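Chain IDs A, B, C and D follow the sequence of writing; residue 1 opens each chain.
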């Protein structure tokens, strides 16, 4: 409906909540949900704490575009308190690009959740390095672009991917078991958040073939981790992770099968949190409200 | 340390957060944690929503006893906004009575957690209808009172229990697998919260022998529920519950054994939440921050 | 591949494992997996125990149709030991009918799993009382039959459903959130297993609107239960169940959303277990190997 | 009661179950529980599969000491089939040594479980490098030996620990948060299984301070792993592991607190499995029946 979400991070100090809530109250915004976090409240005096806040509110008496509201907030609150902040409107859904290869489970799960109304996103395009999932994409009415990637053409292929996404006005990208490592160039050129799903409970089993590695090590649980992509492989800020128990009866093949269910659940949880502005990055960690 | 916790419930309306946070800021209180909840934010205009809040703060520039602070809060904020509110100080731990019978697992778990510093409580007394756990209580240095309960003497026994607890200045009582049903008279005479642990995932298997009933029904998970005691058996506001998977291999005896681990975890979680003023009752439900 | 599964239930007595394993060994069958269960091994002498077994084996030197093998087993082992038994061949997948209404989540989840090779079934038909899911069914190449059900036409509608399923040679039916209660007549006329998914952790919240009831009761977890359908509503033998934690923040609507994920996981687990002959019914309970 | 447990591992081949079950049947042993596992049943012909079995049975008509029974089994079955095997009697509980330092949670949890009858063990001694837990040990009537360990005296200290355990006829040792790394010499001289609890979901966070490392990495779950000790730090065969969710609200201190509950549960599960002969080691992995 007619709601907006404000996220804030800033150096912690007394009076932030008072300042923000007064401002919203004065502008006729009714708070629906509010969450806050101080990284180290006991270090507040010494300046060692960072403050995070997420407020979801009704745009009651507000001008709907929000421009004047945003300008006033910048001037009266965010500037004086040295805030990083972001304001988004439910009426303007985020635009999500999906990058896929051949596995369908995470891909279909996200498409189905969007269809169900669980994810307030638009999906202007799907990009793949293979043809396999074209029919699924098209069944959901989505443009499907194949950009083959080889060792030789990788820089050119990545440039093409970034061009497609920027032309489509994409706000963030999701690697739904996309089987290529993105280069630093890609990340810089794209310049927006990229969410990945890794099929292990990181930091265990970084890199290729984590289910095989889990089988070899004889662990009693396997997992999945969704994180923002950085230049360090599988080392970006973790958004969500989960595990399932396994036993000596499991084979590498059954781990793959069981793992699919965890992967899609964890990725969906992370994407939903991102879409609803619940994830605030703090260094290499996240605050998830 | 030198912290206090303020809990609030009141009719929802715009400006509550602003009013409370301004008040705290003006009185030099630095907020450490803050949580809030509106039961139905979209019904705010129509008066159909109730607002809950929990704020934990440093008593920075405050007078330590807090009396003046509390009086000012009552006058300036709580009164005008029609609040139910409670203020407690970390330096003044809640006083908890334990009622037990013969099972030791929940009892020992709570005593050990207190010893570990996990529970900020004082335990002025333990009351039992049996002698069995006297040695355990005494090992932890706790006064142990045996009040036998029979069908005939129940009113007198309950009166004695209440007298013991009130003389000891008890703030709340925990039934750590106490195997007697408390009468409405007891609850009224005691007049303070009583927390129970029931060995099923309520509302399934209300009443006696839930593990036997679970075995007979052939469920694939068993659980435990901690709730505030009301006059309706096993029907009070639920604070915490959890389950564990079981299989056809389980016998009524193994369910009892497996269940013990869930019972003690769930009860400990509920007691800790209560002790830290994280549980706000709303009709027959709870808000657990 | 070339494997078969033998399931057995019989009065427990010494020597059953020896008899079965000797028979298989003599007929050149190599055991791949074997599970067994005695309901009360300590009551074996008194005849109070029932024995269950599931053996999966390679049809090494066997004649492939298995007719002679089955006849020999009946004569040499099953008859003398008074066994209920069943033999199925991986090369002959079970035929599953899906009954649906308007919810797509359980339905699509089963179709995806079949497509991915997780479920060794054939799906000769889908029956619905609404048109809504026709397009989804047809995208998977499945015949979709609409049989509207009203209070007046219910006996005739059920007769039509049974006729469709029997003509299609269906081995079992799955109610993938089919929103009609099946009559005893239906169950008798169909005469094969019917698997349902109920959206609560039974025996809590039997009947209609369990999420609403869970919200009203204020439980801290919600769940789903898959069971064989009997004439008693939501009271048949439970195959699988699971729960997820919820909080005071959840609304009836969010419970429905969160619940969908549990429902489809639990139903898929139950269907897979049934398809692989892992579920043996024992009175109103199940053994799930 | 009057039961025994037989565990077997051997090269997989057809007819093993038949041979073992026939032998038991012939000797009047009634099987109570039976579990088996082939590491790769499809590689049975090529010799690439290993077979594991655990059988629990009543010693009905057997001579109670079991010597003749064991000799016959060795001669008739184990020898011809090239088995590693072990036979243990419920009437002869395993003797467990506990090694502790200063943390009490795993230690007390095991003592409570033994007192409650959950663990069929004798505990002839407790060894610590600190005095702290003496009173707890003595309250349970257990001999408490302090063997201080420094960098300089470590070889001598370990020799003393091994001497104490061997004199006490110990069958296996449990490191209940014992904060010293055991040398290869210790393991060889002791020559019996040693079970450790590591406070992370291995292979993540091997070595010291895993909770601090988990905090720094920003994981969304923490865990514990119980494993047999080998000369490679935290790399021995895993018996049990589990995790709990954590959030951005957790501090290194709260991770330690939350972790204690997982540690004691996981260690108790592993010790119980070992005590009941449910754990069979296979290279660096385990089969847990």
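Methods note: contacts are C-beta pairs under 8 Å (C-beta built on N, C-alpha and C of every residue); 3 or more make two chains touch, one makes a residue touch a chain.
Everything numeric in this text was worked out from a predicted model, so none of it was measured.
**Student:** Going by residue numbers, if over half of the contact pairs line up, that's a repeat, so tell me which of A-C, B-C or A-B repeats B-D.
**Tutor:** Within A-C, B-C or A-B, the interface duplicating B-D belongs to A-C.
**Student:** Does C-D or A-D have more contacting C-beta pairs?
**Tutor:** A-D
**Student:** From the C-alpha centre of chain A to that of chain D, how far is it in Å?
**Tutor:** Inter-chain centre distance comes to 42 Å.
**Student:** When the centre of a chain is set as the mean of its C-alpha atoms, what distance in Å lies between chain C and chain D?
**Tutor:** It comes to 37 Å between the two C-alpha centres.
**Student:** Of all residues in chain C, which are in touch with two or more distinct other chains?
**Tutor:** 33, in rising order.
**Student:** Okay, in this complex, where on chain A does chain B touch?
**Tutor:** Per the touch definition, chain A meets chain B at residues 14-15, 17-18, 21-22, 24-25, 28, 30-36, 38, 41-42, 44, 58, 60.
**Student:** Which stretch or stretches of chain A touch chain C in the complex?
**Tutor:** It is residues 104-105, 108, 112, 116, 118, 139, 249, 257, 260-261, 265 of chain A that touch chain C.
**Student:** In the complex, go through chain B and note every residue touching chain C.
**Tutor:** Contacts found on chain B: 37, 201-205, 217-221, 223, 237-243, 247-249, 282, 284-288.
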